[in-house]
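Please go over the structures that come below.
Same chain, two partners: chain A is paired with chain B first, then with chain C.
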Partner chain A sequence: MQRKTSVFVETLRYGTIFLVLGFFVFPIFWMVLTSFKPEGAIMVSPPRFLFTPTLENYAHALHDKNFLFYIKNTLIISVVSTAIVVVFGSLAAYSFARYNVGDGHILFFILSTKMMPAIAVILPYFLIFRDVGKTAIGKSLHLGLDQHGALIVTYVMFNLPFAIWLLVSFFQDIPRSLEHSARLDGLSRIQVLRKVTFPLAAPGIAVTAVFTLIFCWNEFLFAYILTRKMASTVTVGVESFFTLQGILWGPVAAAATISVAPMLIFVLIMQRYMVRGLTFGAVRG
Partner chain B sequence: MSSTPASSGLAATSKTKGAGLSDRWFSVLLITPAMLITLIFAILPLAQALDVSFRMGDLSRGKIGDYVGLENYRVVFADSTFWQAGWVTLKFTVVAVGLQMLLGVGIAFLLHGATFAKGLTRSLLILPLATSAAVTGLFWRYLYDTQFGVMNWILGSLGLPEPNWLGDYTIALWSVVLFDIWQWTPFVALIALAGLQALPKEPFEAAELDGASRWRILTTLTFPLLKPVLFLVLVLRTIDCVRLYDAVAVLTRGGPGTATETMTFYLYRTGLKLFRMDYASTMAVFFLYVMLVAAVFALTPLLKQFTDRAKEA
Partner chain C sequence: MSFSQGWDAGFKSLLIYVGVVFFWLIFLEKLFADQGTSVLAMNIAGIALGLGFFLYRRRACKNERAAAEAEIAALLAEER
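After this line comes the complex of A and B, so read on.
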C-alpha cells in the first residue's frame, strides 16, 4: 500500500501512538517512581514528580515486611512448576504432533480443560488439599494447605494445556525427515528426541517456559486461597500491605516493583516471540 | 485409534532397530504423565463439586452433610444476588471486550503504518501484559484515589469533573473495566498487528491497480482476511472476562455494596466467607456448565483446525 502520506497524517499518527503508549506505560512508570518517593511526597496533592529519591520504601518492604520471603516462595513454586510443565508438556506435545495419539480426541480433551475457570474448582481443591495434607504421602510431598507442593501441583495442572497447545505447534514446524534420517542412522526413538527434536525445538520450549513462568509468577487466586503464610507468593504478599490504618503506598509500590520487575525483563527479552505464545501458537508472529 | 499413516513413517524403522516397544506404546507412554495430572486434577475436583452440590454443606456448622437432592439448585436459582452477579458479569464482559477489540484493532492499524521505533513501541506496549493483575490492580487504587490520585489530578487540571472512581456505585464497575482495558488492550493490538503483517500482498496490489478505494479494500479485503485472528482473540478475551476475579478482588472487593460483584466473586464470598460450600459448589457447577457449553461452541472450529493440522503433519 504505497499511497502518498502527508506530513500532517504522519504527525497525527505518531502523536496518537505517543498518547496511546503513554496511557499503557504510565501506571507502571508511576509505580516505579512512587517506590522511590519519601513518605512526604506520596500522600500529597497535586502529585509530585520532583523529589529526593530514597530507598526507605524498599527497606520497609524487604526488612519490616520480609518481602524476600514471598519472593523465595514464588521462585521455588514457579520454577519447579515450570520445569514439570515443560518436561511433561514436551513429551505429550511430541506424541500428539508426531504420532497423533488419540486421533485428536485426547488433545481436544486436554485443551478444553484450559477453558476451566479456576474459581469453579477452587473449593474442591481447597477440600482435597486439606484432606491430602493429613495423609502420609501428602505430608512427605508438602501437598497440604499452605504448602509449596499444593500450589505446584495446581499450577502444573493449569498450565499444562496451554504448554501442550503451544508446543504441538512448534513440534509441527520441525521437518519429520530430520528425525527419519536420524532413525536410519541407528538412533533409538529416545535418542532422536534427545539429540535431534528437542534441540531443534529449543526456542519453542524456551518460549513456553517463559510463558509458564509468567503465569505462575503472576497467579493470585489459588495462591490467595490455598496459602495462609508459609507458602504465600508475591501476589498475596503485596496484599499484606493492607493495614487497618490504610495502605502504605510507598512500600506497596516498592514491593510491586520488585515482584513485577523480573517478568517485565523477561518480556522485554522475549518480545519478538511473545505474540505466538499469546495466541497458543495460532498466529506465527 | 488405529495406526495412522502419520505414525507408520517412523514405525518402519523401529522394526529394524528392535527397540522392543511399538510406536503405539511409545506414544502412549509419552502422554501418560500429562494425562494423569490432567485427569486427576480436572476430573476429581469436578466430581467433588458435583457431589457437594447435592448435599448439605454449611461448613460453619461442621462437615459436608446429607444429600438434599436439588434443593441447593432451587435456592441458588431463586437467589436474586446470584442473578445480579450474573448481570454484572455480563455488563463487564460485553463492555470490556467490546472496547478492547475496538481500541486494540485501532492501535494495530496505527502501528502497522508506522515505520519509526517499531521494536520499542512493541516492547512498551507489551509491558502491562507481563504484570500481575493482583499487583498492578492494587496500585491502580492509588491512581484512582480521590485525594492523591493522578487520574483526578489530570482530569482536574483539564477542567473536567473528578469522579469517585471506586466509591461511587454507578462508576465503580467502569473503573474496573478501565483497568482491564489497560491490561488487555495491548494483547488485542499485538495479535491484530501480527495478523495484519501476515496478510498476503497480492490481493492488495491487485485492488490498488483496480483503483479500489481505501474503505472498500478495508471492508472487502482486510477485515475478511483478519477475521480468523480476530475471532480467536475475541473468544480468548471473552473467556477471561467471564471468569474475571483478580481485578475485582484487589480493586473493589465487589463493592461498593454489590455493584462490582461478579459471578466469580460472589461464588468466592459464598464458599469461603459464608462457608456455604453447598451453594458455592452449585454455582461452580452451573458456571462451569455455561462456560463449557459456550467454549465448546466457540472453540470447536478453532480446535478442529488445530487437531486437523496435527493429523496431517
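After this line comes the complex of A and C, so read on.
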C-alpha cells in the first residue's frame, strides 16, 4: 500500500512539474522552435511541431541584419551601466544602512523617482540629450542622441534607486559588531568597508548586478527613442525585423533567441550566488 | 526530488535539447546524406541527453536527501 501511494505521489509530482514547466516555458520553447522553422512552416494553421529544421533564420539575422552589432552595443551599455550602478549603489546603500542619512526621507525620495512611468519622462530626456550632445562635454562623453553615453546615463538613473533599496537590506543584515571589531583591530573606516563589509555583502551585490544587467539588457522604450542606428540595442534590433513588407517571424524568433542566450548563460552561472543572496537579505533573526 | 529541483532540472534538460539541435545543425548535419535521417538522429540524441540529464539530477537529488536523512538519524541516535 505504501509503495502504491509513493508511486502515485511521485507521478503526481512529476506530472505537476511538467505541466507548470510546460505552461511557463512554452513561449520560450515556441520562440526557439520558430527560429528553426523554414519560412513556409511558420504561419501555418494548425501549427506544426514536426518540420525540417534549418539555420537560415539565424543566417538572415546574423549576416543580413548584422545582429552581432546590436549585441555589441547592448553589451557595452549594459555592462557599463551595471558597473556604475553597483559601485554608486553600494556606497549609497551602505551610508543609508549605517548612518541613516536623511532619516529615511532621502531614501524615500530616491524611491519616488521610480514611481513615474518611463514614458512620462521620455520627451524631456530626448530634448536634454539632443541639446547636451551638441556641447563640448556632451561630445566628449558621447551623451548625444544615438550614442552609448545617453543610454548609459538613462539606465543608471532608472536602476540606481532599485539597486540602493535592494542593497540597503543586505547591509542592514551585516552585524555592526563585526565592523567595530575590525576598527578595534586597527583598520580604518575605508579598510573596514573594503575588507569586511563588502565581502560579506558580496551575494547581495551579485544579485543587484544580475538584476540591473537584466533590466538594462531587456529595456526597449528608451533604447527605441534615444537611438537611431549607431547605439541601437538588441530589443531595437529585434524590432527592425518588423518591415513594411511584413513581419519576418523567422528572423525575429532567431534574433530573440540570440538576444536571450547571453543573459540565460550569465544567470545560470550566477544562479548559485543569486539564491544565496536572495535568502541572505530576506531572513532576520 | 522537490518541486524546485524538478523545475530546475527540467528547464536545463530543455536547454540541453536546444543546445544539441544547434550543435547538430551547425556541425553534424552535413555528414548525413539524407536530411530526414539526420533530423531523426538529432531528435533521438537531444531527447536522450535531455532525459539522461533529468534522470541523473533526479538520482543525485535523491542521494543528497538520503545522505542528509542518514546524517540526521545518526545525530538523533547519538543523542539517545
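To be clear about the criterion, the second predicted complex is superposed on the first by the 242 of 285 C-alpha atoms of A that agree within 3 Å, B and C clash if a C-alpha of one lies under 4 Å from a C-alpha of the other, contacts with A are read in each partner's own complex, and residues count from 1 in each chain.
The rule we apply is simple: a contact is a pair of C-beta atoms (placed from the backbone, for glycine too) under 8 Å apart; a residue touches a chain by one contact, two chains touch by 3 or more.
Worth saying up front: this structure is predicted, and the values here are computed from it rather than measured.
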Could you look at A:R176 and tell me whether it touches chain B, chain C, both or neither (first, second, both, neither)?
first
Now for A:S259: first (chain B), second (chain C), both, or neither, which partner does it touch?
first
First (chain B), second (chain C), both or neither touched by A:Q245:
neither
In the superposed arrangement, does A:F108 touch chain B (first), chain C (second), both or neither?
first
Touching partner for A:T52 - first (chain B), second (chain C), both, neither
second
Applying the document's definition of touching, compare chain B and chain C: which contacts more of chain A?
B
In the overlay, answer first, second, both or neither for which of chain B and chain C A:V20 touches.
both
With the two complexes superposed on chain A, say which partner A:V32 touches: chain B (first), chain C (second), both, or neither.
second
Could you tell me if A:S140 is touching chain B, chain C, both of them or neither one (first, second, both, neither)?
neither
Report, in rising order, the residues of chain A that make contact with chain B in one complex and with chain C in the other.
13-14, 16-17, 20-21, 25, 264, 268
Counting only contacts in the complex, chain C reaches chain A at residues 1, 3, 6-7, 10-12, 14-15, 18, 21, 25-26, 35-36, 39, 42
Touch list for chain A against partner chain B, complex:
1, 3, 5, 13-14, 16-17, 20-21, 23-28, 30-31, 34, 42-47, 87-89, 91-92, 94-104, 106-113, 115-128, 153-154, 156-157, 160-161, 164-165, 168-169, 172, 176, 179-180, 183-184, 186, 188-189, 214, 217-221, 224-225, 234-236, 238-239, 247, 249, 252-253, 256, 259-260, 263-264, 266-268, 271, 274-275, 278-279, 282-285
In the complex formed with chain A, which residues of chain B make contact?
1, 4, 6-7, 9-10, 13-14, 17, 19, 21, 23-24, 26-28, 30-31, 33-35, 37-38, 41-42, 44-46, 48-49, 52, 107, 110-111, 113-114, 116, 119, 121-136, 138-143, 147-150, 153, 157, 182, 185-187, 190-191, 193-195, 197-198, 204, 208, 214, 229, 232-233, 236, 239, 242-243, 245-246, 249-250, 264, 267-268, 271-272, 277, 280-281, 284-285, 287-288, 291-292, 295-296, 299, 302-303, 306-311, 313
Listed in rising order, the residues of chain A that touch chain C in the complex are 13-14, 16-18, 20-21, 25, 29, 32, 36, 52-55, 264, 268
